[in-house]
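Before anything else, here is the set of structures, which you'll find just below.
Next, two complexes with chain A in common: one pairs it with chain B, the other with chain C.
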Partner chain A sequence: MERVRRALTSDHAIGWVFVAPSVLLVAIFGLYPILSGLWLSFQKASLLSPVREFAGLENYRAIMDDPRLKQAAINTIYYTVLFVPISILGALAIAIALNRRIRFIRFYRLAVFIPVVTSTIATGIMFLWLLDSTYGLANWALGGIGLGPFGFFERPSQAMPSLVAMTIWGWLGFDTIIYLAALQGIPQELSEAAAIDGAGRWSTFRNVTWPLVGPATLLLVVWSTLSALQLFDEVFFVTKGGPLGRTSVVVFYVYRLAFEQGLAIPLAGYAAAIAYVLFLVVLALALVQFWMGNRMVHYSS
Partner chain B sequence: MSATATADQLERVDPAALRGEVGMVERRRRRWLPFSPWHLFLLPLAVVMLVPMLWMLVASLETLDQTRHFPPILWPGTLRFENYPNALRAADMGTWFWNTFVVTATVVLSNLVLCSLAAYAFARMRFLGSKAVYFLLLATLMVPLQVVLIPTFLIVKSLGLIDHLGALIVPNLANVFGIFMLTQFFKTLPVELEEAARIDGASRLGILVKIVIPLSAPALATLAVIQFMWTWNDFLWPLVTIINNEGAYTLQLGLAQFQGAHQTDTSLLMAANVMSMLPMLVLFLLAQRYFVRGIATQGLKG
Partner chain C sequence: MKKTWLIAPLLFALVAAACTGDDGDGGDGGDGGGPVEIVLWHGYGSAQGEPDAEWQSLLDRVDEFNASRSDIRVLPIRCCTNDKALEKLTVALQGDEAPDVTYQYGSSIPQLAAAPSVVDLTEWSQDPDVDWPDFIPGAAAAATYEGRILGVPALIDNLAIVYNKELFDAAGVDHPSPDWTWDDFRAAAAELTDPATQTFGFAFPADASEDTVWHYDPMLWQAGGSILSEDGTQAAFDSEAGVRALEVLRAMAVDDGSMYLDLQNAKIDDLFNTGKTAMVITGPWALSAYPDVDYGVEVLPGFDGDHQTIAGPDMWVVFDNGEERAQAALEFVTWFTAPEQIRTDSLATGHLPLRISVIEEPGFTDELEGSFPGVGVFAENLANVKQARPVIATYPQISVAMGEAIVAALLGEKTSQQALADAAEEVNGILALPA
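Right after this comes the complex of A and B.
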């Protein structure tokens, strides 16, 4: 009796009681999908019919010669290569500017932070209007300095850069907050010491600021790459993959296969295989970035 | 590892500093302008960041004819506030708001409760398998919804939740990010108070509710606003799980559909959009410090 009572009141029992609801939920909706998705990727299946057929490696083999997937992969890489460096370097510049005690600084910060809480759909509606090729404010403003007119989302060659511009508007605040936090972690004595040693602004930046925000930069590079490779909402809502498939990205292609065409035709297994390959690529890339980054980044303290 | 190093660095930052109240770098320099030269960069930047919103606001107060004009009419003269009630009538926005509110409120509350419980156990108790379980939970943070969308959909479908608000609620009742954030926070609290209470015979639950929770208000507020933002703005998950039931549309889903149906009715669409953004913006203005802190801590999520 005594032993039972002690077991029940010990941390073993109560600990599990505390974590059980969360662990159960995460196991069902976080861990299990990873395994069942892998299983699905070896099958011929559609989302709505219970009929499934084992297909071996067929789905994975099909990935190799799917021209539309190749196009989607190229588009995804194009987006990532534009988005990651521009958003991160832009955010660093902005964070440095916002890291001072000048008048209106709270207003400036608010202006940069506000898009962070704006939903993709709301952002999309605003930018479809702003970048409207006929009545858009952007064409009017750019025309004022002798540029354009642009077709933006309607022109095959301009759609992706327009998407990049729109998503950078939405993401800048996020990156800037991370950089601001890192900048404020820099002891003031360090930049003062550099100034006393006669270092100029650029030299201080190069030798003090840049190395010290290294961890934040690494984090943002990994994270921005991850989210850029998984771009979906903006493409789905704003460009629908067009024009001429020029903004069709991998996750969008997977969505179409599984949830539009795959409802009736058994394409869900193939879509799951693509998603799995994307997952492995993303994971490998993150690990490589962290590994390389850790060799270059200096951690203080 | 590296993420933790950055995490520690971010943890030490005072949110007041991020908002621009204390402790910023200030250099005395000879002035070549009557104001700081940084304004020359920051003012145009602020304008560019705000223009999409201001332009939406202007269009929401114009007539349809005024929006169909090039060069654009920058100020409509008389403001047409009728666009707002008209937008509310043009679609079932009330239902969207209500659904989104129900989902968001449930998810936020449940996360506060379940994540606190789990985080307290992970932070303060040693139980069989606790380390392994914690690690396994964290590992799922690496897997974004996009890549497990199809299997997760199939699970929710087999639970019979498709086309119900439950599909949006149940899978999100406990978020690993919340568990992680609160575990880190609870570990920073002084353990002496809890020990004293233990000696006085308080239960674990009693300690959590009476001692730990009151000390954790800022962390809980941070989790609440971040979770609120994620749930309120979520689009992909409602998109795949609410298929044939407009009565279960969330605000984002409804807006996306509204945009398709009223593409050319710009003033109506913009009025609807302004209304959809208002709750989030108000919350942001009221709780800016918690948003900023939450985003700075989100750095851990990667």
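Right after this comes the complex of A and C.
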């Protein structure tokens, strides 16, 4: 009895009590769907019909010969390869530009961050018109400096780069804020010491700034890769996967299978299987990135 | 600190209360002796969720019903846009929280047939108070799947040309006429196109969705083709007729440059309303989006004198949430879709009347045309509805394949022939899979 009482009054138990609400929420809205999704991926099932048959690994096998999925996977990789480096290097450049004492610096920082808190739909509508090949401001402006005209979302080969540009515009502010925080954490003495040693701007950046923002870079690489592989909102709202499936990405394809085509015919289990494979890929990639990152990144004590 | 552990059960009780407190649909009428509450989902209003005339008309009728009945209370809820109604319903069904009555596209009926709680309305439809044969045949047919009636017509549309009179007059082009051929249409579009002012003769929804496909379907039918073979086991759109129909659109997009391709299907209405395109092919629902244009409406151009169009009937679908609520829902739907309410709604919103008795009422179409210029032509165009899309569960997949074929041709990525052949091969694969 005494042991029970002690266990109940210990800090440990109280701790659990305090986190119980969030644990409960995570269990209901996180863990349960993840597990039922896993179960679904082994079934022949649609979302509207209660009839569900166990299908073993059939859904996972079907992944190998699905040309639309292959296209979506290639598109996703293409998107990630463009999005991650450009957004991170762009953000670093802007963060360095914003990391000084000049007039209106607060305004500039705010301006860079505003797209992050703007709704995707608003951004989407704006870009649809900006990048319209006939009526858009972008072609007009680019035409002014002798470029274009571009088809943007209307030309199959240009749709993905346009999507990358649009999402980078929306995400840049977030990366920039992280880099700004990292830059402001660099002790002044180090740059001064480098200057005394005769290091130029590039050399200071290369040997002082870059290594010291390493942890931020690692965080952003992992974070951006994860979000890039799970891209959905912008595709769903702006391009709808088109033209001709050139911007169809994996999560969007899963959505279409489960919620548009597979309501009455059993495609939901297959969609769940694809989602699970994506989950494993993302997990593995994140682990590899952290493992490599931790060997290369310098954490100052 | 001795009593701190008492917090534990207290907190759990709180969390438990928070998780179960809000029932959301408030639909447990009956046990209290009050009126039976039923939930009605609709998707009216703008995409941003602002009320419009359709929404208001629905609320007015529901209020009228609620005022006349003390034993039933209908709770109208805007669930989503109609485009997302099926998806939203799927989620609700998974959570056992389906509304009692919901607005759905007619094309969703084969999917909904798989849901166990969908109410079979076949018996209800034989009630003389319902007067089922009075519904327009095209709409009633789309409610029927494998011999079961699963929906009640909520709306019927069809496609026709809507054109900007000013742009036609300015370019000196004759207005569309009921005997226009597609060649006339193409020639007019080319004449109306003016790159200097960025004006197009025609604008087409090219997002490869069902919206793309149903613009193509009537052309296919007019040319003598069909979507599937008669027994429904093979694709049939890759025929000479199919190519002939697609070739008109492809030539306008690629050769003439007289057709604006709206690849995200988001701009057409704005372009027409700002005078940037002279013609669109659309339904009566779009007319309210053109307040700034003096427009005219004309039936579709034809191949070989055939001017048939396509209808898109939408449905009210009833779900079983216990016998009492299901019964109340049926009583409501009976009243709601009776000729008198259809007439009121039609005059308030410009919806085409769903009841034959309303259309045939002397002076009705004139009254409708008076309040909603152009709607009269759409009402008469219902007579040009001859065929329907296949009512099968795999239709959404077939639609995707056809949509992409059409867009591939319009972008000049494939020839019309090649695009349709590729899509037919994919569709045959889909149809060959065991159900």
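Note that in this section the second predicted complex is superposed on the first by the 282 of 301 C-alpha atoms of A that agree within 3 Å, B and C clash if a C-alpha of one lies under 4 Å from a C-alpha of the other, contacts with A are read in each partner's own complex, and residues count from 1 in each chain.
We take it that a residue touches a chain if its C-beta (ideal position, glycine included) is under 8 Å from a C-beta of that chain, and two chains touch if they have at least 3 such contacts.
Computed from a predicted model, the values in this text were never measured in an experiment.
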Chain B and chain C placed together on chain A: clash or fit? clash
Check your understanding: Does chain B (first) or chain C (second) touch A:Leu130, or do both, or does neither?
Key -> first
Does chain B (first) or chain C (second) touch A:Leu244, or do both, or does neither? second
Can A:Phe113 be said to touch chain B (first), chain C (second), both, or neither? first
State whether A:Phe153 touches chain B only (first), chain C only (second), both chains, or neither. second
- request: Have a look at where A:Ala193 lands relative to chain B and chain C in the superposition and call it first, second, both or neither.
  value: neither
Exercise. Of the partners chain B and chain C, which touch A:Pro21 in the superposed model: first, second, both, neither?
Worked result: both
Chosen between chain B and chain C, the partner touching more chain A residues is B
**Message:** For A:Pro215 in the superposed arrangement: first (chain B), second (chain C), both or neither?
**Reply:** first
Request  = Please indicate which partner A:Phe259 is in contact with in the superposed arrangement: first for chain B, second for chain C, both, or neither.
outcome  = both
Quick check for you: in the superposed arrangement, does A:Gly30 touch first (chain B), second (chain C), both or neither? first
Only chain B stretch among 76-84, 256-264 or 274-282 with CA clashes against chain C is 256-264
Intersected contact list for chain A, partners chain B and chain C 13-14, 21, 28, 47, 125, 128-129, 134-135, 259
Per the touch rule, the chain B residues reaching chain A in their complex are 1-3, 5-6, 8-10, 12-14, 17-20, 23-27, 35-36, 38-39, 41-43, 45-46, 49-53, 55-56, 59, 67-72, 114-115, 117-118, 120-122, 125-128, 130, 133, 136-137, 140, 142-144, 146-155, 157, 170-171, 173-174, 176, 179, 204, 229, 232-233, 235-236, 239-240, 252, 255-256, 259, 266, 269-270, 273, 276-277, 280-281, 283-284, 288, 291-292, 295-296, 299, 301-302
The residues of chain C that touch chain A in their complex are 1-2, 4-5, 7-8, 11-12, 15, 19, 86-87, 90, 93-94, 108, 110-116, 198, 206-209, 260-261, 263-267, 276, 393-394, 396-397, 400, 404, 407-408, 411, 413, 435
Residue set of chain A touching chain C in the complex reads 5, 8-9, 13-14, 17, 20-21, 24, 28, 46-51, 125, 128-129, 132, 134-135, 153-154, 156, 238-240, 242-245, 256, 259-261, 263-265
In the complex, the residues of chain A that touch chain B are 11-16, 18-19, 21-23, 25-26, 28-34, 36-37, 40, 47, 94, 97-130, 134-137, 139-140, 169, 172, 174, 177-178, 180-185, 188, 191, 195, 215-216, 218-219, 222-223, 226-227, 230, 232-233, 236-237, 251, 254-255, 258-259, 268, 271-272, 275-276, 278-279, 282-283, 286, 290, 293-294, 297, 299-301
